[in-house]
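To keep things simple, chains are lettered A, B, C, D and E as they appear, and every chain counts its residues starting from 1.
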Amino acid sequence: MKKNDILTPVGIALGIGLIFYAISQGGTGVGIFIDIPSFLITIGGSFAAVLITYDLETVKKIPSALKMTIVSVNVNKVDLVDQFKELSKIIRKDGILAIEQQITEMEDPFLKKGLELIVDGVDANDVKEILEIDLNEREKVYDSSSKIFKLWGSYAPAFGMVGTLIGLIQMLADMGSPDEIAAGMSTALITTLYGAFFTNLLFNPLGFNIEAKGEKEIEYLEMVVCGLQSIQNGDSVRAMEEKLITHLNEKDRKAYYENTSSEVA
Amino acid sequence: MKKNDILTPVGIALGIGLIFYAISQGGTGVGIFIDIPSFLITIGGSFAAVLITYDLETVKKIPSALKMTIVSVNVNKVDLVDQFKELSKIIRKDGILAIEQQITEMEDPFLKKGLELIVDGVDANDVKEILEIDLNEREKVYDSSSKIFKLWGSYAPAFGMVGTLIGLIQMLADMGSPDEIAAGMSTALITTLYGAFFTNLLFNPLGFNIEAKGEKEIEYLEMVVCGLQSIQNGDSVRAMEEKLITHLNEKDRKAYYENTSSEVA
Amino acid sequence: MKKNDILTPVGIALGIGLIFYAISQGGTGVGIFIDIPSFLITIGGSFAAVLITYDLETVKKIPSALKMTIVSVNVNKVDLVDQFKELSKIIRKDGILAIEQQITEMEDPFLKKGLELIVDGVDANDVKEILEIDLNEREKVYDSSSKIFKLWGSYAPAFGMVGTLIGLIQMLADMGSPDEIAAGMSTALITTLYGAFFTNLLFNPLGFNIEAKGEKEIEYLEMVVCGLQSIQNGDSVRAMEEKLITHLNEKDRKAYYENTSSEVA
Amino acid sequence: MKKNDILTPVGIALGIGLIFYAISQGGTGVGIFIDIPSFLITIGGSFAAVLITYDLETVKKIPSALKMTIVSVNVNKVDLVDQFKELSKIIRKDGILAIEQQITEMEDPFLKKGLELIVDGVDANDVKEILEIDLNEREKVYDSSSKIFKLWGSYAPAFGMVGTLIGLIQMLADMGSPDEIAAGMSTALITTLYGAFFTNLLFNPLGFNIEAKGEKEIEYLEMVVCGLQSIQNGDSVRAMEEKLITHLNEKDRKAYYENTSSEVA
Amino acid sequence: MKKNDILTPVGIALGIGLIFYAISQGGTGVGIFIDIPSFLITIGGSFAAVLITYDLETVKKIPSALKMTIVSVNVNKVDLVDQFKELSKIIRKDGILAIEQQITEMEDPFLKKGLELIVDGVDANDVKEILEIDLNEREKVYDSSSKIFKLWGSYAPAFGMVGTLIGLIQMLADMGSPDEIAAGMSTALITTLYGAFFTNLLFNPLGFNIEAKGEKEIEYLEMVVCGLQSIQNGDSVRAMEEKLITHLNEKDRKAYYENTSSEVA
C-alpha cells in the first residue's frame, strides 16, 4: 500500500547539485568545502544536543523516521468512498455479519479494526472512543518524528556558529599575516555554512515532510471514522455517500463523479 | 463570479519598479544585479527544499495556488441577505419544494448543495455536519496553499545566506588584490539580496494573500450556513434577516439599509 | 462617545523628537538623514508588499484603521452597572415594554440592539446567538486592522535590508577611494535605519494600539452581554449588580462603591 | 498577606554588579559606559513606542505593575485545606449560617466573596459564573501588566539599533582619522548595549515575573473554587479533603500529612 | 521504578568532547577559551535574570529539575495492560474489595490512589475529577521545570552579547596596535561563544528533555485513567484490553501480542 515518495531524494539531489554548481562558479575547487572536523562540530554537536533532549527509545526511532520521509502515504479517498458504498450495500442486503469476508481481505489495519469492532457488536460510543485514541496515537507518531528533525534543525546552526566563533577567537588571538587571517576566517565560516545547509536542505524539510504526511493520513483516518459511524448509524447508502464525498477535495470529487458515471454507463 | 484581484500584479510591478529605481540611484547599471547562478542557488535551492517537504500531488498545486493570488473572492454579503429573504418568502408561501427552480439557477456550489440537502429532507444535524466538513475542506485548501509559499519564503533567505557564505569562503581562501576581494564580496551578497527580495515581495505576500482570501471566504460560508440553518429552523423572514445582518460589517449594513429602503420606496 | 487618544500623537512626537536629539549629538546635520529615494524603497517597497497581500477593499480600510489609533475607546464600565440597575428597576416595576423610552435615548448601538431584541420578545437563545455574532464581527474589525500594520511592520525592515544590500553591492562592485566607500556605506545604511524606525515607532505600536483597543471594547461588550442575559433571566437587581461588578477591576470597584454610597447618602 | 519577593531586587543587584565587574576587567573606566543621550534614545524611544501602543489608563498602571514584581504572592495551599476542613466541619454541625463569624475574619477577598454568596443562598450556577468571571478578571490584570514589560522589551533593542545606526551613518559620512572612527563606533554601540541590557535584565524578566505570579495565583484561586463547590455540593469532609489535596504538589502533600498527623498526635 | 537516562550525560560528554576537538584543530591551546570573568558575565548574568523572573520557591526547584533530566520515566505500557487485565479478572471473580491486597503492593502512586478511590466507593465523576486534577498537577511540574531552563537559555545568549559589546566598546574607545585590537576582540567574543554553547548544549536540550519526559508520563497516566474508568464502568476483560491496547504504539502492540501468545502457549 505504501509507494516511494520520489520527490524527497529528487529534492535532496537537486539541492546538493545546485550547491556544487554554486561552488563551481567560484575560482576554488570543491576541496576547501569538505572539512571533516567542521562536519563533526556542526552535525556531531547538534546530534549531542539531540541525545541530551531525548531518551534512548526515541533516538532509536530516527532511522524509521527517516524512512517515513521517502515513503508516501497512499491514501486513495476516492476508492474509500466506493469501498464504503459496497460495504453498506452488503450490510443492507445480508446484515452486518455478511462483511466478515471483506474484512479478512482488507489491508488498512485502521479500517479493519473499526469494522471488526462493529461486527463484534461493540457499543457505538466505545467504538468511537477506541478509534479516536488510535487516531490520536498515530498522530503522535508523526508529531514526535517530525519534532526530532525540527529540533535538530534548530541546534545545527547554533553549533555552526559555535564552530565559527571558536575559529574566529583562535585567529584573532594569534594573528599572523593578512593572508593567514583570511584563510583562517574562511575555514571558520565553513561550520556556519554546514549549519545553514543541513538545516535548510535536510532537517527542516524532512521535519515538515513528516508533518505534511501526518496531516494527510489523519484526514484520511477521519474520513474512515466518518464512514464507520455512518455504518453504525444505519445511514442509507445515499446519505453515507453524501457525507464521504464532502471529505474529498474538488479534484477528487470530479474524479469520483467520472468514475461513478462511467460505472453506471 | 470571480474577478481579478488587480492589486496583486500592481503591487508586484510597484515593488520591482522601486527596486530598479533604487539601483538607478547608484553609479552602476542594472547588469551587475542580474546573475543567473545566484538566482539558481537561491530560488532553485529553496525550491529543492520545497520538493523535499511535499509530495508530488501538493507540488502540482503550486500553479493553481498562484492563480488564487490574482483572482479575488467575490463574496457579496449584502446580496446574500436579499437572496435568503427571497428564498424564505417563497418557502413561507409555497413550501420548501417551491425553491427548486431557484436552486437550479444558482452559481455558488456551497449554497446550492446546502439547499438541495434541505429540499431532499435530509436531517438537520446531518445537513449541519455535511456543511461543516465541506467548510473545513475548503479552509484546508487555502491553508495548505498559503503554507507552501510561506515555507518557500522561509527557505529562500537561508539559501541566499548559503550562497553568500560559499562566495565569502572562496574569496577569503584565495585572496587577491583588495579590488578583487570587493568584487567577490559584491557578487557573494547578490544571493542574500535575492533571498530577501523574493521572500518579501513574493513568497510571504502571496502566502498571506491566500490566507486573507481564505478567511474572507470562510466568513462568507459561515454566513451561508447561518442562513441555511435559519431556513431549516423555520425562522420568520424578520428573524432570519436580523441574524444575517449581524454578519455584515458596518459599511455593508449601511449599504444594505440603503438598498432596502430604496426598494421599498 | 469617542474621545481622542492623546498618547498616540504624544508618543510619535516624543519618538521623533528623541531621534532628532540623537542626530544633534553627532557632528553632522539632519540633512544626511533625509533621503527621499531611501524612503521610497523602504516604505514604498513594503507598501507594495501590503498591496500584494490584501485586496482593494482591505487596503481602503487603512485610513480608518489609522483613525482608530488616535481615538480612544470610551467604555465606562462603572456607569454601565448603574445603567443596567436603572433598567432593571424599571422592568421590575412596569414590565419590559417600559424601557422603550430609555432605548431611544441610548447611544451605544450594541446595547441598544440587544435591548430592542429583548423588548421585541426574541427568543433568549437567538438573542445570545445574534449578540455573539455581532461581538465576533467587531473583534474581526480590530484584528484585521491591527494585522495590516503588523504585517507592514514585518515587511519594512526587510525592504530596508534590500536597500542596504543594493547600496553595498554597488559600492563593492565599483570601489573608489576609502572616503567614497564610507560615504556609500553611510547612504546604504539609511534604508535599514528607516526600516527599523518606521516599524518600531509606527507600524508595530499602531498595530498593538488597535489590538489593545479591541481587547478593551470586547471586554466591555462581554459585560453588556452579561447584563442583557441577566435581564432576560429575570435576575433580581441585587443578583444583576453582583454579576456586573465582577466584571470591574479593583479600581473601578472602589469607584463604584464610592458612587453608590454617596448616592445613598 | 503579601510578603516581599526578595529575589527581584537581589537579581537586579547581581546583574548590575556583574556588568560593573565585566567593565572593570577592561582597561577603561566605567565613565565611557554612562551616556545620557544613549539612555534617552534607547529607553526614551522605546517608552515613546509604549505610549503609542497604550492609552493613558494603561500607562498609569506601570508603577503598580512594577510593585507587583517585588511583592510575592503568598498563597499557602496547605493552610487552605485546613481552613476548608474547619469550615466544612462547622457547616455539617451547625448549618451554613454558622460560618458568618469566620467569613468576617477572613483576609482573602476572593474566598470571602465566594463564601458570602453561598451563605446568601445564591444559586450554585450563579456562584460558579461569578467566581469564574472574577478569576478571569484577575488573570487579565496579570496578563496585561506582564505584556507591557514584554512589549517594552521588544521595542528597546530596536531603538538601541536605531541609535547605533544613526551613529554609524554619521561616522561614515564624515570620516576622520581611524582613531576618531573607532571612538565614534564605540559610542554608537552603547545604545545597542543599553537595549540588550535593559531588555534582558529588566523588561523581559519583570514581564515573566508577573506572568509566573499570575499563574501561581490563578492555581490558588482554582483551588478555592474547588473547595467552594465542594461546600455547595455538600461533600463530606473526607471527600473535600481528598479533592483539595490533589491540588497540592508533592512537597506540599508531604507537609500537609505531617501537619495533620502531628495535630492528631 | 526510575532508571537513569544515560543519554543525557552521554550527550553532554559528546558535546564537550567535540568542542575540545574543534579547539584542538586550531593553533592555540585550550587556555584562551577558559575565562572565568566571561563565564560569570554570561552564566551569572543570565542567572540573575532567572532570579528576577522567579520567586525563591521556584528557584529552589532547579536542582530537582536537573535531577529529572538524568532519570528516565520508566513507563511500561505493555505491563500495564497485563496488570489491569489481572485486576479485572479478580474483580469479576471476587468483587472490587478483593483487589485490596494488590493495591498495597503497588508502586505507582497514581494508579494506587485511583484504585483506592474506586475501592472506597467514591462516585465515578469525583474519581474522574480527582484524577484529572492530579494529572494536571503533574503536568505543571514538568512544564514549569522545563520552562526555567528554556528561559535561562533565552537569557544566556543575550548576556553573551552584552559581554561582547562591553569588550568591543572598550577596545574601540582605547585603540592601540592592530595586534592588541585583535586580542581584545578575541576576548570579547568569548562571552558570545559561552552564551551559544551553554544554551544549545545545556539549557535548551535540558528544557526539551523535561518537556519530552512530561509528555511521556502524561500519556502513561492517561492510559491509567482509561483503565480505571474501564474498571468503574464494569467493562468486560476483553473490552478493557481492547481499549488499553489502543494506547500502545505499533512496536508495543507487537510486544504485547507476542507476550500474550507465549503466555497462552
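Assume contacts are C-beta pairs under 8 Å (C-beta built on N, C-alpha and C of every residue); 3 or more make two chains touch, one makes a residue touch a chain.
As the structure is a prediction and not an experimental result, all values here were calculated from the model.
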Set of chains adjacent to subunit A and to subunit C: B
Fraction-based call for subunit E against subunit D, same above half, different below: different
Subunit A-subunit E separation of Cα centroids, rounded to whole Å: 25
Geometric centre distance via CA averages, subunit E-subunit C, whole Å: 41
Subunit E - residues contacting subunit D, complex: 37, 40-41, 44-56, 58-59, 117, 122, 126, 129-130, 133-134, 137, 140-141, 151, 154-155, 158-159, 161-163, 165-175
Subunit D to subunit E touching residues, read off their complex: 5-8, 10-12, 14-15, 18-19, 21-23, 25-28, 32-33, 69, 72-73, 178-179, 182-183, 185-186, 189-190, 192-193, 196-197, 199-202, 204-206, 208-209, 212-213, 219, 226, 239, 242-243, 246-250
